[in-house]
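Listed below are the structures to be examined.
Here chain A shows up in two complexes: once beside chain B, once beside chain C.
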Partner chain A sequence: MNIEQHIKDSLTQVAQLANCHLITDIEQDTVLLQSGLDSLGFAMLVAQLEEDLGIDPFSEMQIAIYPRTFGEFVKIYQLALKA
Partner chain B sequence: MTKLVVVTGASRGLGLTICQQLLVSGYHVLALARSQSPMLTGLLAEYSSTLNFVAADLSDLENISSLCSKLVQQYGRPYALVNNAAVGYDGVLATMHNSEITKLLDLNIQAPILLCKYLLRPMLLNQNGRIVNISSIIARTGFNGLSVYAASKSALEGFSKSLAREVGKAGITVNCVAPGYMQTDMTQSLQGDKLESIKRRSPLGRLATPDDAAAAVLYLLSEQAAAITGSIITVDAGSAA
Partner chain C sequence: MSLLQRLEQANYQTTAIAAECECSYSELINNAQQIRHQYPDLKHQTVAVRFKDLSNFCAQILAFDGWCSKLYLLSDKALLPDDITLFPDGVSSIASQPEHRELLSKEITTHWFMATSGTTDIPKWIGHSLDSLTRAVKINVNNAALRWALCYQPTRFAGLQVVLQSLLTGATLVDCTNGDAAQRFTEMQRGAVNAISATPSLWRQLLMTNEMLSLPLKRITLGGEIAGQRLLDNLAALFPQAKLLHIYASTEAGVGFAVSDKKAGFPLNWLKQGHNGLSFKVDSRQHLWLKPPQKPDINLADRIDVEGFLDSEDLVEVTEDRVHFLGRANGLINVGGSKVQPEQVEQVLLQHPAVLQARVYAKSNSVLGQLVAADLQVAPNHDVKTLKLQLIQHCMASLARYQLPTQLNFVDNIATNASGKLSRKREDKE
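Up next, the complex of A and B:
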């Protein structure tokens, strides 16, 4: 599975649910807070990914980490899925 | 589709009564408690298709995340969460053991916050949901020997109001029901003159019952209560009036 594409698809899906307008091109260096999704939308994204992938890497971490960019967000999921 | 409601502290007292009323009203109930009581076992036999028991020790905070994941995987996205489980150690603060203070705050405030955190998520995806946190009249009136319990309930009310603001736009309501003294296992140490004094001071001349408080929970879960969020419904037979 291409996790990056899966996250992008989920992002689009939750943006519609949360009534948020995403910017056209989400790239690796896109700053999450400038993607168009609000903070509640990100909570929904984490919830959707947990349902799809069966993991919540943020709850499993020993310390609080907040990814700044889309690339950092994807990396956290890639690492968690490898673990 | 039958609406799924998670109720904590479901084996006795108010939690059990809430389960009974929910089942009569046609909800599917997930009853969480450390162990089954004979009353809950009886209810399980009566409502075998719409009541499920899940053994859970909510003071084990580290496990709440995985508990919630399992619940959602097995039973689907819940419509509502009723945070009822609590302990009410009675004793003056100056001699209360630190371990009891920690245990009370873990179960009465940290556990409900974590349950809200993890069971909110499926509600966010549904863009619909209800959370009812069981507070107590003690959050506002104060009572000799219940300072830590009072702190936990005041915290729960403050938490509920802010959370209501946070998730309102996702169609989720967050409210509290604050019962006055009810005759349950938790308040059995309250007897004699103290109990009579509470009854006498109540405008209705009686204590509120678990059925009275459960009815307020049922109302908050109903369609009719869709516009109520960030509120505290006091059910105390008027004692705090």
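Up next, the complex of A and C:
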């Protein structure tokens, strides 16, 4: 499955579980901190993706890049999965 | 000397609190004196204060330290002890009489009380003195130019430390206690802060704004959770000139220490030589013990050994040259700096008719340090997906967001130990 779609689906699921109200459309340039997902929701998303994909790029990331937008977030997973 | 006397003596000409209407040090001192004049009956009495507005909160602690015999900082109204008056609700104001004014100069030593975090229904009130609370404050002429972002509730130990540090050094406080990371960041920008004390979890979220360099940070302080090397490296790379500290604090012991070498954990030789008046030791169960220069609160007597060391109940690992923190020995889960008692979450889960058995534990998480996870044994014939949602909603009704179990595993069997209790071996470590 397309990784971006998978992350989007997980995000919707997690938002429902965490009772977060997402802004209607999550696009490439949606700023994560303004997406409606709070820190708990974001932490849950990373945990859920670790379960699904077997990786948590944030636990090993050595460089000072923190994703600002949804697009950057997806990219980090795409790169980590290729590595 | 009381807090008010110290500020009167220092006579700072700077802004004490930056808000919509700024509050200078002289206004703050006036407001505190006003409170003493207006409520003379509180002299030598016990009073409790809450935090709603930073200017009022600071004026109140200035008024009551040295004036009331006991001062309770309430983080939650529900914690108010029965026989204690909450200021200003339960207090009658009287116009000050001349004889009261005369008494204003005679100050006493106030006992401060803060509730321990993470306890279940009965909070433990731990006493502090202004001296023990301000032991870590270093007065330096350059500090008056700092603008501190207050990110913690000031009724908690970590928040009060920021408030006292800022007030006693003539610096400016900016209230950033509300909202999510994005809102707090906006407050920081608006308040032009150059010093931030926050949990590692909040720091990670602030880094996600990608705009941290818009804040000219001179002071970076991490506390309330274990500060990992990667986060320290990231912050040091971003702000090479800033003073970078990670703080270890035991609210209960009323002690803390700061590590300034930009490395996780603390140097091994502190175990032998002590550090800053504090002595350390590690026992065979890997618990860190601390011996503060002042005697800890009497409430903690059962955790103090014959040599005067207090069991911090924090687990550590000793390596070649460093002592690293692993987490809490008593199973408390630390979700982004907020402590969760697993038993409390288990009790809530068990109230749901479908749940037969529950075990709650910490799960490592790269965003918030730890999350709450639960293994559940449930009655047969339940649709797993529907039940999950129901259970989360059920928990939301009686738990705070950070206490919610974010991972629910349905299992066939939950292990109990020989005495029939849930086995609580540590699932994971940092």
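Keep in mind that, in the parts below, the second predicted complex is superposed on the first by the 80 of 83 C-alpha atoms of A that agree within 3 Å, B and C clash if a C-alpha of one lies under 4 Å from a C-alpha of the other, contacts with A are read in each partner's own complex, and residues count from 1 in each chain.
As a working rule, contacts are C-beta pairs under 8 Å (C-beta built on N, C-alpha and C of every residue); 3 or more make two chains touch, one makes a residue touch a chain.
Small disclaimer: the values here were computed from a predicted structure and weren't measured.
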More residues of chain A in touch with chain C or with chain B? C
Which partner does A:40 reach: the first (chain B), the second (chain C), both, or neither? both
Considering only the touch criterion stated at the top, classify A:17 as touching first (chain B), second (chain C), both, or neither. both
In the superposed arrangement, which partner chain does A:52 touch: chain B (first), chain C (second), both, or neither? neither
Once chain A of both complexes is superposed, is A:4 in touch with chain B (first), chain C (second), both, or neither? neither
The intersection of the chain A residues contacting chain B with those contacting chain C is 17-18, 40, 43-44, 46-47, 56, 59
If we count contacts the way the header does, which residues on chain A are in touch with chain C in the complex? 16-19, 31-34, 38-40, 42-44, 46-47, 56, 58-59, 61-62, 64, 66-68
Flag every residue of chain A that touches chain B in the complex, lowest number first. 14, 17-18, 40, 43-44, 46-48, 50-51, 54, 56, 59
Chain A partner, complex, touching residues on chain B are 65, 69, 72, 118, 120-122, 124-125, 127, 166-167, 169-170
As the complex stands, chain C meets chain A at residues 180-182, 185, 201-202, 204-205, 207-210, 230, 233-234, 237-238, 335-336, 363-368, 371, 388-389, 392, 396, 401-402, 404, 406-407
